[in-house]
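Take a look at the structures listed below.
Each of the next two complexes has chain A plus one more chain, namely chain B in the first and chain C in the second.
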Partner chain A sequence: MFKSSGLIALLMMAFALFAAACAPTAAPTSAPVVQTVVVKETAAPQVITATPGAPAPASGSLAMNGAGATFPFPLYSKWFYDYAFVDPTVKFNYQSIGSGGGIAQITAKTVDFGASDAILNDEQLAKAAGIQMFPTVAGAEVLAYNLLGEDGKPITALLKLPYTATADIFLGKITKWNDPILQQANPDIKLPAKDIIVVHRSDGSGTTYIFTDYLSKVSPEWKEKVGNATSVKWPTGLGGKGNEGVSGLVSQNDGAIGYVELAYALTNKLPYGIPQNKAGEYVDVGKTPEGVQQAMSDFGANLGDKLAISIVDAPGKNSYPIAGYTYLLNYMNQEDCTKGKKFVEFFKWALTEGTKDATDLKYVPLPDDVKQQVLGKLDKMTCKGNPL
Partner chain B sequence: MSVIAEIKRQKRNSPWSELVRRIEHGDVIFRTLTVVAGLLVVLVTAATGFELWQNSALARAKFGLDFLTGTNWDPVIEDFGALPFLYGTIQTSIFALLIAVPIGLGIAIFLSELAPAWLRQPLGFLVELLAAVPSVIFGLWGLYVFVPSVVKPFAQFLNDNLGFLPIFQGPVFGPSRLAATLILSIMVLPTLVAISRDVFLAIPNAQREGALGLGATQWEMITQNLIPYGLSGILGAIILALGRAMGETIAVTMVIGNNLDLSASLLHPGYTMASIIANEFTEATTDLYREALIEIGLVLFALTLLVNIIARLLVWRVARRIPTEARA
Partner chain C sequence: MESALSPVRAAQHRARSNYRTRQIVNRVMLALCGLAALIAVIPLVWILGYVVQRGVGALSLDFFTQLPTPVGVPGGGILNAIVGSAIVVGIACAISIPVSLTAAFYVYARPNTLLGTLIRFSTDVLSGVPSIIMGIFAYTVFVLTQGHFSALSGGFALAIIMTPIVLRTTEEMLKLVPKTLRDGSLALGAADWRTALNVLLPAAMSGVITGIMLGIARVAGEAAPMLFTAFGNPFFSTALDQPIATLPHQIYVYAISPYRDWQDKAWATALVLIALVMGLEIIARGVASWQERKLRGR
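== the complex of A and B ==
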C-alpha cells in the first residue's frame, strides 16, 4: 500500500513539474495535425499505378507540398504523376489527411497548397487572409442499395427516388420498401414489404458534406432537425467507415440503402438509386456524367469572387442533384514566386490536359463557363504584390 | 596488517577510488540508464496527459463536467457530450473480458498443465500468432465474414430465446456492440493466454507435488493451489487485456455500427471513444469540434489510468493476502 501511494505521488509530482515547466512558454494550442497519409476514400485505388510500364521521371528539384481532402485523392495522385512528365523540374506531394487537416495546414502555411471538399466558412476565410478556393472537378453520389425481391432474387434495376423520398428515408419517415411513394415511382419493380435499413458514413467526409447539403436543400425538416456538415447526428441507421464500410454494410443487409460516390458504385457494380431532380426528371448519372456538368453550369453565373458554391438540387432539366465541387486552396498573393508560378502552370494543365484523367476516374471536369472563371482567377495571382 | 584490511582502509579513505571502482564495474552507468528509462515513461505519460488537457481547453470551458454526462453529439450545432462513447467503451470491453478471461485461462491451464509436451509449443505459437494479426484485418474479416456468418445468426438466436433480458433486446442488426465485443474478446485472447501461461509455468513444482501429495485431484490442485498462487499475475494479464480492449480502434469501428444508441441491448449498434476519434478527427473543421474530440481522448486516457490504478491496488491487496493462505 505504501509502495502504491509512493508511485502515484511520484507520478503526480512529475506531472505537476512538467506542467509548471511548460506553462510560461505559451504552450502550443495550435491544431495537432495528423501527418499520416490515410487513403480512406478508395474510390478507384487501381489508378494510382498510372501508365504502367512508363518509368517515373526523376524527382524534381522543386517540391510542392499539399494536403487535404480524401475524395479527390485518386485523381490528384494521377495528375501529379502525369504532370511529372510534363514538367520534370517540379515534384508535387499530396497527403490526403482530410479537408479539416488541409484547411488547418494551409492556414498555418505549413504546406504550399491545401485541398477541401467543404466550402470554407467566413470564420475560416478570415483566419487565412487572402486565401482563394479553386474548384478542380466535381463528383456525384448515388444511393447504393441491396434488396431481395419477393421471388428471392436480388433487384438490380435503377431505383427511382422521388424528390423528397431520399430525405424521408434518411429521416426515418419512409420505413418500408413497398411504401406507396417508392412503388409508384418504380412501376417496373415489384418492391417487397421489407424494412429499409439506412446506412451512412461514420467517418467525417466530404461525401457526407455533399449528401447532407443535398438533403438540407430538398427537405426543410432535414435542414432544421439535422443540418449540413462533414459529420452529422443521424436520425436513424448504421454507420460504416469509408466507402468500403458503407458498401460492406449495404451488401450484407437485405433492405439496406446508403450513399456512396458514383465511382465507387460503378467500379464495385453496386445496384443504385438516383433521386428525382428539381425539374422532376431522373438523370442516370452513371450513364450520363454530363448531368453533373449541367448542374455546375446551372450555378455557373453565381460562382462569384469566392469561386465556391453548392451545386446540389440544381434546377436544370438535365441536371443531376447530388454533386459537389472539390477545391484546391492557395493564397492569391504568393510569397515564393517560383512556387506560385508552378502552381498556376500545373492548374492550367489540370483544367485542360488533365480532364481526360478526370473522366477516366469518373470525376466530372468543369464545364467551359466555370473553367473560364477559374482560369481568370489564376491569371490574377500575384507574387509579393507583382503579377506572376 | 593483512592485505585485505589495508585495501578496506584505503577504500574508506579515498572517495575517489570508491567512485572509480563503481564506474569500472558499471554500477553507476547502469543505474543512471535505468533511472533515465524509468523517468522517460513517466515523462511520456505526463506529457500525453498534459497535451490532451491543454488542447481541449475550448471544449472543457464550454461544456465543463456536463461533457461526461451529455448524450448528444451533433457537429452541426456543435453540441458535444461523451456519454454514448464512454458507455460503449466500458460495455464492450467488460463483456469482451467476461468472454475472454475464462477461455484464456482455460487455454493457459491446458498449455501449462494438461497438454502433452508435443502439443504445447505449436499451440502456444498459434495463440501468439493471433497477437500479430493487424487489427484492420480483424476489422475487415469481422465486417465481411464474422458478422454476417456468425454474429448475426447468434444475435438472432439470443434475441429469440433470451429477448426478455434488456441486454438481448432487438431489433437484430449485424454490426452491433455484440459484434464489437466478440471481436475484442478474440483480440485480447493472446495477451491473456501468453501471460497467464507464463505465470503458471513459473509456479514451483513443489506446489503441485505438495497438493497432489496431500491427496488433491488435478482439478483441486489447479483451482485451490495454482490459481490462487498465480492470482496477482493473472490479474496483471487481465488489466493488460482490458487496456487493449478499451483502446482498440479500427476493428471496433468497422463492426460496431457507429450509432449514439444508449440502450442496454448488446444487439444494438453503439459507439466507442476510440471510434469517434478515428471517425471524425480528420474532417473536424472547426476548433471546438476538434477540441471536443481531443477531450474524448482525454477522457479515454483518464479512464485507462483509473482502471490501471484500481487494478494495481487490487493486485497488491491480493498479493499481500495470498502468501499466508496458499503459499504457506
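== the complex of A and C ==
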C-alpha cells in the first residue's frame, strides 16, 4: 500500500512530531533534516530555565573518569570536590560501582582510573598488564550489634570479642549471647540467654574480602571451610545488601550481629563490638583510629613492589585487627600524558593536604613509611615510555 | 389473603420486590467496585505522600540550581542530574520516536506480512526484557567499542526500552481510527502517505502522545541501565560523549550512602523526578485534548 515516497514523508513527519512531543516548550522550528540529537542538545537547557550563574562550567576542562570501590566513595567524592578548586582544569568523576566493577572497567580501559578494596589476584593482574595498585587510605570494620538486655533495655556498651570468638560466631559455633566465652570477656555487661543472629553481606564486596581475610587469619577452621573472597559461602546467618542492608537487618533483629565499616557504625550511632588483637589487647578503633595506622606500620616495611598487603590480625599491641587498605588502580605507563600527569598531581595532593578530609570522614591516612613508598612509585610513572 | 390478590397484582408485587433486591445488589456491587478502586489508588497516594513527606524538607531553590556536594559540605543540588536526565531522555526520544512511529504505521498498514509479524513479535519480546539487559547491551555496543562511558550510550539504552512501548500503543491507536475515514481519504484520491499523515495520525494523535508519554515516564525512572552507560557525573556536563548524571542514578548514589544528609537528598531527588514526570504527563494530556478539540471543531 505504501509507496517509498510515503515512507520518507512519514519519517519526516515523525521527526517533526518528536520535536513537538518531546520538547513541547522548546519548539525548535523547521528543518527536520537536521540530526535530531543536535536539536535536543540545544533544546535541553531551555527546559530548565534560570541556569545562568550555575557553578563550574565543565567545558574546556579535562575529565578524568574513575570507578570502583564503594567503601572510599564518600572520601573520594570529597577529595574530588575539593580538588576541583585546587586545579580547576581537571574534573575527577568517581562512581562507586564496587571493587569488582572497578577492576573490570580499568582492565577494559573504559575508565581513566579504577579503585578497589580487594587486592588484585594473579589472574586479574595478568589481564591488566602494567597495572599498579596505589593505597590511598585505610579503614576499619567493626561488629555492629543489636541486643536487648534481660531488663528489656538495649545494650550499647563496647562489646569485647575474644580472639577467636568472631570466627566462632560466624562459623555458628557460638550461638548464644550468654556463651561463657563472651560473658567472661564482658564482665560489666549482663548478656541475655538469646540466640545470636549472624548478619553478613549478600553482595560481593571489599568489606567482605577484608572481613573474611581476618577470619581466615585467626581461625584455621574458617580458612579451610569457607576461605577468603569478596563473596563466600556463609555457614550461617542472614544476608543484607551493602552496609545499609547489614545494619538494617541488625537493627531490626534483637540479638543480631554483623560486620560494617567503622564510618558507617559511627555515623549511624550503632553499638558495636571489637575483636581482641593478636597481642591480646582490645583497641577501641572508634576512639583511637591510630590503631589502624599502627596496623599499617606493622606491615609497612613489607609492601613490596605491588604496594599491596593484607593488614588484618596485625601483631602490634596497639593495632586494630580488622582493617584494610583501599587502592586506586592505574597503569604505570600512561597513554595520555596529560591525564597521567593530572593523576599524579592529584595523588600527591591527596596524600598531603587530603589527609584532613580523610580523618574528618573516619578514614585513616597512611603512616609516613607507607606514604613514602607510594610517592616513590608515583614518581616512576611514565607516559609512552618517557618519564611524566 | 394471598389468594385474594388477582394474578396481575401478584405479578406486580413480585416485580416490585424483585426490583428492590436488584437495587440492593446493585448498590452492594457498586460499593465493592468503589472499594476496589480505592484500594488501587491507595499505593499511588501512599507513595506520593511518603515521598513528599520525606523529600520536601531537603528542597530549596539551591537544590535546583547547584551541583551535588560531598558529605559534610552543606547545600548542594541536582542541577546536573536534571539537565542530564533531560539530555539522555531526549536522545532516547530522538532515536526511538521516529523509528517506532514509522514502524507502527508499517505494522498497521501491512499486519500480515512477514516483516509486520516479525516487528510485532520482536517488540513483544523486547518489552519483556529486563532493563538492565539493555544497559549491558548498550555497554557492549557503545562503551566497550568507544572506550568510555557517555550520555549517548545511556540514551541508546533507554531508546531500546522505549521503542516497544511507543510502537505498540501507536499501532493500537491507529487501529481505533474508523476504517471509513481511511477509505474516504483514499476514495478522494489522496495518496497513502497523505492519508497517513493528514487523516490517520491526527485522528490517533492523542493516543500516540499518550504512548510517547508512557514511554518517557517509563525510561525517565530507569536507574539500572544507567549504571554502565551514562555512568553518572558529579559535575555539570552537557557533552554527549562524556559521562552524565541522571536523576534515577543520583537517587541510587544518594540512597545507598551511609549519610543521613545524602539519604534526605535521595528522597528530595525522588520527589523532583516524580514531579517532572507527572508535569510532563499533564502537559501531554493538555496538548492531546487540545489537539482533539481542534480536530472536532473543524
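Just a few scattered comments:
Note that in this section the second predicted complex is superposed on the first by the 328 of 388 C-alpha atoms of A that agree within 3 Å, B and C clash if a C-alpha of one lies under 4 Å from a C-alpha of the other, contacts with A are read in each partner's own complex, and residues count from 1 in each chain.
The rule we apply is simple: a contact is a pair of C-beta atoms (placed from the backbone, for glycine too) under 8 Å apart; a residue touches a chain by one contact, two chains touch by 3 or more.
Since the structure is predicted, the reported quantities are computational estimates derived from the model, not experimental observations.
After overlaying the two complexes on the shared chain, residue contacts for A:136 are found with neither chain B nor chain C.
Counting the residues of chain A touched by each of chain B and chain C gives the higher count for C. Contacts of A:297 after superposition: neither chain B nor chain C is touched. In the superposed model, A:249 makes contact with chain B only, not with chain C. In the superposed model, A:97 lies in contact with both chain B and chain C. By the touch criterion defined above, A:263 lies against chain C but remains apart from chain B after alignment on the C-alpha atoms of chain A. Once the two complexes are laid over each other on the shared chain, residue contacts for A:310 go to neither chain B nor chain C. When the two complexes are overlaid on their common chain A, residue A:73 makes contact with chain C while staying clear of chain B.
Shared-chain residue A:110: touches chain C; no touch with chain B. Of the residues of chain A, those at positions 1, 3, 10-11, 14-15, 18, 22, 40, 70, 97 touch chain B in one of the two structures and chain C in the other. Chain A contributes residues 1, 3-4, 8, 10-11, 14-15, 18-19, 22, 27-29, 31-32, 34, 38, 40, 70, 97-101, 103, 118, 123-124, 197, 202-206, 209, 226-234, 237-241, 245, 248-249, 252-253 to its touches with chain B in the complex. Note for the complex: chain B touches chain A at residues 39, 42-43, 45-47, 49-51, 54-55, 57, 72-77, 143-144, 147-148, 173-175, 253-254, 257-260, 269, 275, 278-287, 290, 294, 309, 312-313, 316. Considering their complex, residues 64-67, 69-73, 79, 82-83, 86-87, 89-91, 93-94, 97-98, 101-102, 105-106, 109-110, 143-144, 147-149, 152, 191-194, 196-197, 201, 208-209, 212-213, 216, 227-228, 231-240, 242-243, 253, 256-260, 283-284, 287 of chain C touch chain A. Residues of chain A that touch chain C in their complex: 1-3, 5-7, 9-11, 13-15, 17-18, 20-24, 36-37, 39-41, 43-45, 47-48, 50-51, 53-59, 63, 65, 67, 70, 73-74, 77-78, 80-81, 84, 91, 93-97, 108-111, 242-244, 261, 263-264, 267-268, 360-361.
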